[in-house]
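Handing you this structure, nothing more for now.
Note that the chains are named A, B and C in the order they appear, and that numbering of residues resets to 1 at the start of each chain.
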Amino acid sequence: MVVAKRFKLPIFILVAQLAFILIFAFLAEYDGTAQPKNTDTLSAPVPQYYPMFQDVHVMMFIGFGFLMTFLKRYGFSAVGINMLIAAFCLQWATIVRGFIHSDILGGEKFKVHITEMLSADFAAATVLISFGALLGKTSPLQLLIMATIEIIFAQINEYIGVHIFHAVDIGESMYVHVFGAYFGLAVARVLFNEEVESSNKEGSVYHSDIFAMIGTVFLWLYWPSFNGGAAEGDEQHRAVLNTYFSLAGCCIVTFAISGLLDKKGKFDMVHVQNATLAGGVAVGTCANMPMEPWGALVLGSVAAIISVIGYKYITPFLSSKLRLHDTCGVNNLHGMPGILAGIAGAVMAALATQEKYGESLSEVFPARAPEADNTTVVGAVTGQGRTAGSQGGYQAVALIVSLGIAIVGGLLTGLLLKIPFCDNVRERHALFEDEEHWHVPEEEVTFLDRNYEHVNKNVDTKM
Amino acid sequence: MVVAKRFKLPIFILVAQLAFILIFAFLAEYDGTAQPKNTDTLSAPVPQYYPMFQDVHVMMFIGFGFLMTFLKRYGFSAVGINMLIAAFCLQWATIVRGFIHSDILGGEKFKVHITEMLSADFAAATVLISFGALLGKTSPLQLLIMATIEIIFAQINEYIGVHIFHAVDIGESMYVHVFGAYFGLAVARVLFNEEVESSNKEGSVYHSDIFAMIGTVFLWLYWPSFNGGAAEGDEQHRAVLNTYFSLAGCCIVTFAISGLLDKKGKFDMVHVQNATLAGGVAVGTCANMPMEPWGALVLGSVAAIISVIGYKYITPFLSSKLRLHDTCGVNNLHGMPGILAGIAGAVMAALATQEKYGESLSEVFPARAPEADNTTVVGAVTGQGRTAGSQGGYQAVALIVSLGIAIVGGLLTGLLLKIPFCDNVRERHALFEDEEHWHVPEEEVTFLDRNYEHVNKNVDTKM
Amino acid sequence: MVVAKRFKLPIFILVAQLAFILIFAFLAEYDGTAQPKNTDTLSAPVPQYYPMFQDVHVMMFIGFGFLMTFLKRYGFSAVGINMLIAAFCLQWATIVRGFIHSDILGGEKFKVHITEMLSADFAAATVLISFGALLGKTSPLQLLIMATIEIIFAQINEYIGVHIFHAVDIGESMYVHVFGAYFGLAVARVLFNEEVESSNKEGSVYHSDIFAMIGTVFLWLYWPSFNGGAAEGDEQHRAVLNTYFSLAGCCIVTFAISGLLDKKGKFDMVHVQNATLAGGVAVGTCANMPMEPWGALVLGSVAAIISVIGYKYITPFLSSKLRLHDTCGVNNLHGMPGILAGIAGAVMAALATQEKYGESLSEVFPARAPEADNTTVVGAVTGQGRTAGSQGGYQAVALIVSLGIAIVGGLLTGLLLKIPFCDNVRERHALFEDEEHWHVPEEEVTFLDRNYEHVNKNVDTKM
């Protein structure tokens, strides 16, 4: 059994990689701007998209990876398994998106392009957010199986939202944050393991909390690239400004609420590591809309309040009362702030007037452009001649549908992950413990030996 | 009293955030390039400024934040409070600059623009440098009150230097580094607490020194963006090249002097963490001037010598003899190298000839452009027809005035911070100690338990 | 003798810095785009090259620096000495390249330009890779002497490859990775010290392994900039896409093989820290060629297999059987994957047809352009009218010559480093130990004292 278990994950990965290679070989090709013969350097998209893509890339691997290193005994898995899942998703999401957005059956090949690299990173984010809810409680095999399924659900949901409801979401707060959070929470609910309550490893140590801050700060810094990387011109300028201000407000309000809710007025590292980022999520859907800096500051401040209260009161309640254990509190960082983002986006959309937006109206809300022939290529977004109210309504529908698909998809996936094959983790000692999956070095004692030699000697003599 | 103390900081932050929101709501607006209706993507400033802005952003939050994590028990505050102060300053500095540079009373609204984001980060740097002198010895409330005041003094000083003296300072070595260092040192002098001598917490541990290197290296790497982010064309190319060479020379000379001054020839981590960066400060004022690579190497090398000697001899002297305790040695990293930068800038300016500079002369030194009508908008920099000598003189005056305003402003601020309301820190146990302001997790012992179980058992049995 | 030893390194550095300053003063000048008078901002190269340059810059100082912090007692040296060597190489490589690529004897001055900054970083990488093979076993003086010599050998080798064989290597997998790895291994062979076997310090501790992941992840993220930073247009787009996919495949296959080869199916941090990066090396020579994403995935996957097997079986074999101790396993990360890259490049070149490449053919392979006058400036690459087969042959020759010059140069350098003057490290206690070269703070015990007071008390009472 141990032998079987030992081979399952490697075989899963190798089979997947072989399949990915074959799919790319037969169904993918470079976009025209990456084809040789294209010698027009002006049309090259790398200068335009690469800097912000790299910021988002850092958010996925350094940001999420280190943010999760706060657990005292799960740092290898946090940054290592995060890297494994993300690299897996980059490939798989490119394929799934290719099938959804290209006419593969019609013989068309899907294109690889730097903007697809950015989209794949966004898709990976969805899974990494779900990972946060499950951190320390699942096997790597369960996580890769979850990733395989979640990417499909998430990309279908995004397709429905963007191409059927024509609901905009520049920073993907609905399609990535809300979806990833509630998908992960649904899985966590199904996999609930009462042993977590009695584990003494679900906590941080001094230095693990500082490692986590590496993740927090890079996420905080590069979030404007996450919300603005896909935009351009004045939309991009607004997306960057609004995200910057929302995060600045969120950061200081997080400290205020964290101190206010503590009996001694002390700050809680968990709040600083997570709630300071809620402003980036909350502003994600309407970052490119002219909400003005003060509007961004309000959204960020409200997000901070919601998020800190969530960590302080809601997460413990969910765990003790609803058997829903959320290791990283993704409900507070991605879930509730994402819902706030969706609502803010719907309201902003319902208030968007031609006077205020001018020509930008149809750029920000393509469906508000005048009616047009809609029988073109798959998923083409063209004018619907929508009213402000109707656009606002569709935005709300997209939020609700995202929640629904995430929760249903998560519950089904959770049930699948419970079958023995997936190596579900049950034993308490295996929770939040790297040694289950990694060779962990001899402890700091070797590194302290000069100091502890006498202690150890003393101890040895007693045995 | 404890209750009162507990609520003061949160209330201060929340009131400030509310005030910021109201000020932005009534007095700020997007720059034209961020307004909808602007659909000309070519005029968008994000592609031009964003990459270097993000580098500077990383310097503020990762660079300064982690550089200060070297203290064994103050890592949470170093990176956490650094983040709080910086996010506070980004908002407050944008407002203060808006009032100074826009005709608010005349009904004009101040504009938010990506270049203002860059300027706000520079303004935050001023306060974070001062924070370095006070690290571990003040309450968060004192720091936010200091930030509120310092930003005003610093921005007024910059206005005087740039718009009245027309003294150039591309990397803001005078307006940010000199100002921030001596303002902070003045505050530190007033708040001097003899308990620091006997504290056993003002030191590092092995891993805290490595955390600090994260800050050092990112500051070192991105400094060319700090000195060149606001320039363009050949000026920007020079600023990047000069800063790169100055830092390279500074780095290796720092190792040489650190080893040379040690009895055993060992390197001192404090020098490597800090003095290697002095070259970025020293070249800051004249980075865009044609000093040639060898000139940059000379400045960087001299800065390294000054800085290491400062850490080795001057900092201990100031603390023991002048009751001036400088936790991070900002006098050595920002103060003296900043003065060197100011002097170098004055000399370079006095030597700048039309032959050497050509058309760049009036770009590098706007006041040297031919006389022109000077009765335009507030703070407009227009030609003064200045001579090289006169420009050099004004550069020197700007340095002296920056020193003066910083020291006087710092002394006054220090006196204010001593009033009981500000929660001045006096007790030895509270110095350099995160537990004063944070919930600190149970120590590494829990994380070592497998190794120490027997030790503890053994100990328990004895009790 | 101690006194002598104490002064040697500082004097070496100061003399070198002085020499660098004089050489730059008399033989270097700004490129025209950095000269004043050039007021055409459009021709400024900073916007084009700076973002990817900074990514590469981060790889050198954060990437290599932190990757090597995995050793429990050598973190200061890993990140600190890495910084010293790199900053030294940036200056020295610019000079050496200036002498090779400019007609200095003819009175020409060599130009400093942002692209030369990028080239200098690549040159530094060569030495930092060699450093990896020697980590913990040499004195800083030995490393700087090695750097001085290696830069010359490496730049001559690159000149031969690029300008005589006209062998292309966009990511410098042959000229940097293969050369650096085998040069370092040759030095390590000559300096072999049997004491390493019995050292108890050649290992990691929990947090040092997490520090190392900071280096790993930044190297992994920014590698597309390393392989694409010097390219443009469609070539750059391909370089970015191919490197991205190669690394994604390499990452997940590394986990698979690491688990597969372990008896308990556990992952090995050494593999994750290093082998996940082999894909960036393996794709380096042909990253700009139209290998298609599937080709990149294959190369990355094969590189992962080779690299993990190398760490698991080859490195121990080399150490025990061939007296070749490779601390960081550079043979597995840079050596073998670099050879794979060279072979892949030769094969791709031999298969490159006019039909497939179109106008890009002479851009990717300058020597395949129609014959042309070749008597222009030093090192000018002009058309040779080569066939695909002949280009492939020259690529293979460049790989073999790189291996040869690296090994011979490394052996000679190793012999030089054995002379007493170089302070060769022999004693076991000095291996992998920061205290040899640094002031190391009192250990974590001070930081744990609240927890261990009782333990220590208990212990003291027994003594």
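The criterion applied here is as follows: a residue touches a chain if its C-beta (ideal position, glycine included) is under 8 Å from a C-beta of that chain, and two chains touch if they have at least 3 such contacts.
Please read all numbers here as calculations on a predicted model, not as lab measurements.
Where subunit A touches subunit B, under half of the residue numbers in use are shared by the two copies, so each contributes mostly different positions. When the CA atoms of subunit B are superposed on those of subunit C, the rotation angle is 120 degrees to the nearest 5. If you average the CA atoms of subunit A and of subunit B, the two centres end up 33 Å from each other.
Those residues of subunit A in touch with two or more other chains are numbered 47, 51, 206-207, 214, 443-444, 447, 455. The touching residues of subunit B, counted against subunit A in their complex, run 2, 5-7, 9-11, 13-14, 16-17, 20-22, 24-25, 28-31, 33-41, 44-47, 50-51, 54, 57-58, 61-62, 65-66, 69, 75-76, 79-80, 83-84, 87-88, 90-91, 112-114, 117, 140, 206-207, 211, 214, 437-444, 446-448, 450-452, 454-455, 458. Within the complex, the subunit A residues that touch subunit B are 47-48, 51-52, 55, 72-73, 200, 203-210, 213-214, 217-218, 220-222, 225, 228, 232-234, 236-238, 240-241, 244-245, 247-249, 251-253, 255-257, 259-260, 262-269, 272, 276, 290, 292-294, 297-298, 301, 356-361, 363-364, 443-445, 447, 455-456, 459, 462-463.
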